[in-house]
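Next up, some structures in C-alpha cells.
Two complexes come next, and they have one chain in common, subunit A, joined by subunit B in the first and subunit C in the second.
Then we have the complex of A and B:
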C-alpha cells in the first residue's frame, strides 16, 4: 500500500467529508472524536498489525505523523 | 448427570433515553453516525431512588411468574458492581426479598462484562459437584449512577438492566467447558476510583476532561476507550479459538457466537478477524446499549426465541478487570 492509498482508504473508513492530505491535521477534522479514533485504531491494526494506544493517539498531529508511527518502511 | 440453562428473564428500568434525548444535551455531536457505528439507539436508566437490586428483584420475579418454583432454588449467584451496600452481601437481601428458603447458598461476585460467563461456569461447577441442583444466576448493573452527567461517551454507550437465569441439574450435558483470562495490569482502564476502601468519595473532586470533551471526576466511571478497544481486539479473537479448542469443536459447527454486546463496531471488527459470517454472529444493542454483565443473557434470550433444535452456541464476555471468560453451551428451545 502506498502512503496515498493509505490516506485515501483511512479517510473513507473515517467518513471524512473534506479532502485530506499527508499534511492534514487530525485535530482540525470534525470527524476526529472517540469514534473516529476507534475506527483509526481498528484500521491500522487490521492493515499493519500495529496497536496504537491512547498515548499514541494523543500524540498524533498530521496523517504523516501517523505514517511515521506505523513505520515508513511498511509503505511501498 | 449434567446441567443446562432452563430459563432466562431480563428487565430494563422504565426511563428510556434515546439518541434524540441526548442530542438535546449535546447538540454538536453527530448521534446519527454514533448510531450507525456503535449500533445503539436507546438505553434505559434507573431513577435516583431505584437500584440494581430493584431490577434484579423484578427479573427474578418474572422467572417465578412463568412457573419456576422458588422453593427449588438452592443457590444464588449475584453478579454486580452496583451492590446495595459495601456490606452485607446483596444476594442475602435477595434471598429474603424473594422469600427463598433459608437453607441455600448465596453470594455476590464483582465482575463486569465477563460476569455472566463466569456465573455459568460457577453454576455448572456447583451442580456437577453436587452442591446445588437449581442455581439462580442474577446479573444486575446500574453504571448510570457512576457516570458524570457531562460524560457524553459513557452516557451514550452504557445502559442499566438486570437478568435472572436458572441453571438446573439435567440429563443433558448442555453447559460445556469454560476458559478464563485475567490481566490486572489494566485495572485502571475502566474504573470508578473513589468510594471504596482505597480512596474515599470526595465531594470536592476536580472535574477532568478526557477523550473528546467528556467530563468526569475520580468519583465517576472512567473508561480509556482506545486501550479497551486494543485489549479486546488483540486478545478476544484468539481467546475465542481457545474456547473452541477446549470444547473439541470447530467454528463451522457453531450455530451462533454471542459476544458481550459492547459496541457494534468493535464486535464487527472481531467478527471479521475470526472470519465468522454475519448470520452466525449476534449483534443487537440498538435498544438497551451496553448493559455490562447483562448483555449476554439478554442476547441469548432474544436469539433463543427462534431455536427449535439443539444448537451449539459460544458465549464470550470481556471487559473491566481486565477480565475475560467464555464457553460453549447447547440450547434447544426458547429460553
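Then we have the complex of A and C:
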C-alpha cells in the first residue's frame, strides 16, 4: 500500500468529511473522538499488525506522524 | 445437618484457560484442596510452576479455536480414565473492534473461542461415559453479557450467548442432576485486563476503576464462587448467572 492509499482508506474508514493530506493534524478533525481513535487503532492493527496504545495515540499529530509510527518501510 | 464446606477432595475437574489469570487461579485452588485437575491452554510454559505431584495435574496443550479436534482430547487415556465431576470453561478472549471494521471472519473467530469451544466441550462432557451424575459445569460470561460498551459488539455478543447456553443446558441436563451455571465478573486484574489497560489512557483506566464501587477485582475474589458452584454445597443451584463485580452492574 502506498502512503496516499493508506491516508485515503483511513480517512474513508474514519468517515472524515474534509479533505486530508499527510500534513493534516488529527487534533484539528471533528472526527477525532474516542470512536475515531478506536477505528484508527483497529484499522492499523488489521492492515499492519501494529498495535497502538494510548500513549502512541496521544502523541499523534499529522497523518505523516502516524506513518512514521507504523514504519515508513511498510509502505511501497 | 452435616455441613461439608466446598468439599472438592478427590473430585476430577477439567478447566480451560488453565494457563493464565482466573483459570490458573482456579486450578491452583482446586489442587490445594486435593482435587484432580485436567487443564487446557496453549502455552504450557505458563503452568510450569504448578505442582505435578501424584499426577494430580494433567496439562493438555490445545488451541480451542480448532473445534473439530476437541472430541479427540477426550480419547486421551488419562482423561477418559475417570469420569469428570466438573467442567470450568474459563478460556476466553477480549477484543475491542469498532463495528465498521468487524467483518464476518473476525467475529466468527471470537465466537469460536468464547462460545463454540465451550458448547463442544459441554456436548462431549454431557455424555454418560465422560461425566458423573450430580456433576457441575461453570461457564464464564461477564458483566458484558448483559451490559454494553462501545467497540465490544463481538465480546458482548459471545458473553450473552453463553448465558443462553446456560439457560437451556441447565434444563436439558437436570435429569442427571448435572448443574450448569455462569459467573459474570466485572473487571478483574489479570493478564487480559493488563493488555486492555495498556491500550487505554490513564484517565480511561481511572474511569473504569471508578465504575466498580468496591474497586477492581482480584483473582481471589472470583475463585471461591467457582469452587462453591463446583461443590455439592450448591447442589440446588442451576441455570444461574452469578455476578461477581464489586457492584459494577447494580448502578
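Basically, the second predicted complex is superposed on the first by the 76 of 76 C-alpha atoms of A that agree within 3 Å, B and C clash if a C-alpha of one lies under 4 Å from a C-alpha of the other, contacts with A are read in each partner's own complex, and residues count from 1 in each chain.
Keep in mind that, in the parts below, a contact is a pair of C-beta atoms (placed from the backbone, for glycine too) under 8 Å apart; a residue touches a chain by one contact, two chains touch by 3 or more.
Fair warning: this is a prediction, and the values are worked out from it, not measured in the lab.
K.L.:
Given the superposition on subunit A, are subunit B and subunit C in a clash or a fit?
P.N.:
clash
K.L.:
So, does A:34 touch the first partner subunit B, the second partner subunit C, both, or neither?
P.N.:
After superposing on A, A:34 lies in contact with both subunit B and subunit C.
K.L.:
For A:42, select first, second, both or neither according to whether it touches subunit B, subunit C, the two together, or no partner.
P.N.:
Both subunit B and subunit C are touched by A:42.
K.L.:
Touch test for A:54: subunit B only (first), subunit C only (second), both, or neither?
P.N.:
Touch partners of A:54: subunit B and subunit C.
K.L.:
Examine A:64 and indicate which partner it touches, taking first as subunit B and second as subunit C; both and neither are also allowed.
P.N.:
A:64 contacts neither subunit B nor subunit C.
K.L.:
Give the stretch of subunit B that clashes with subunit C in the superposition, choosing among 25-33, 61-69 or 241-249.
P.N.:
Only 241-249 shows clashing C-alpha atoms.
K.L.:
Would you mind listing the overlap between the subunit B footprint and the subunit C footprint on subunit A?
P.N.:
Residues common to the subunit A contacts of subunit C and of subunit B are 34-35, 38-39, 41-42, 46, 51-54, 57, listed in rising order.
K.L.:
Given the complex with subunit B, which residues does subunit A contribute to the contact?
P.N.:
Contacts found on subunit A: 15, 32-35, 37-39, 41-42, 45-46, 51-54, 57.
K.L.:
With touch defined as at the start, can you tell me which subunit B residues reach subunit A in the complex?
P.N.:
That would be residues 29, 33-34, 37-38, 153, 211-212, 214, 224-227, 229-230, 233-234, 263, 265-266, 269, 272-273 of subunit B.
K.L.:
For the complex, which residues does subunit C have touching subunit A?
P.N.:
96-98, 100-101, 150-151, 198-202, 204
K.L.:
Subunit C touches which residues of subunit A in the complex?
P.N.:
Residues in contact with subunit C: 13, 34-35, 38-39, 41-43, 46, 51-54, 57-58.
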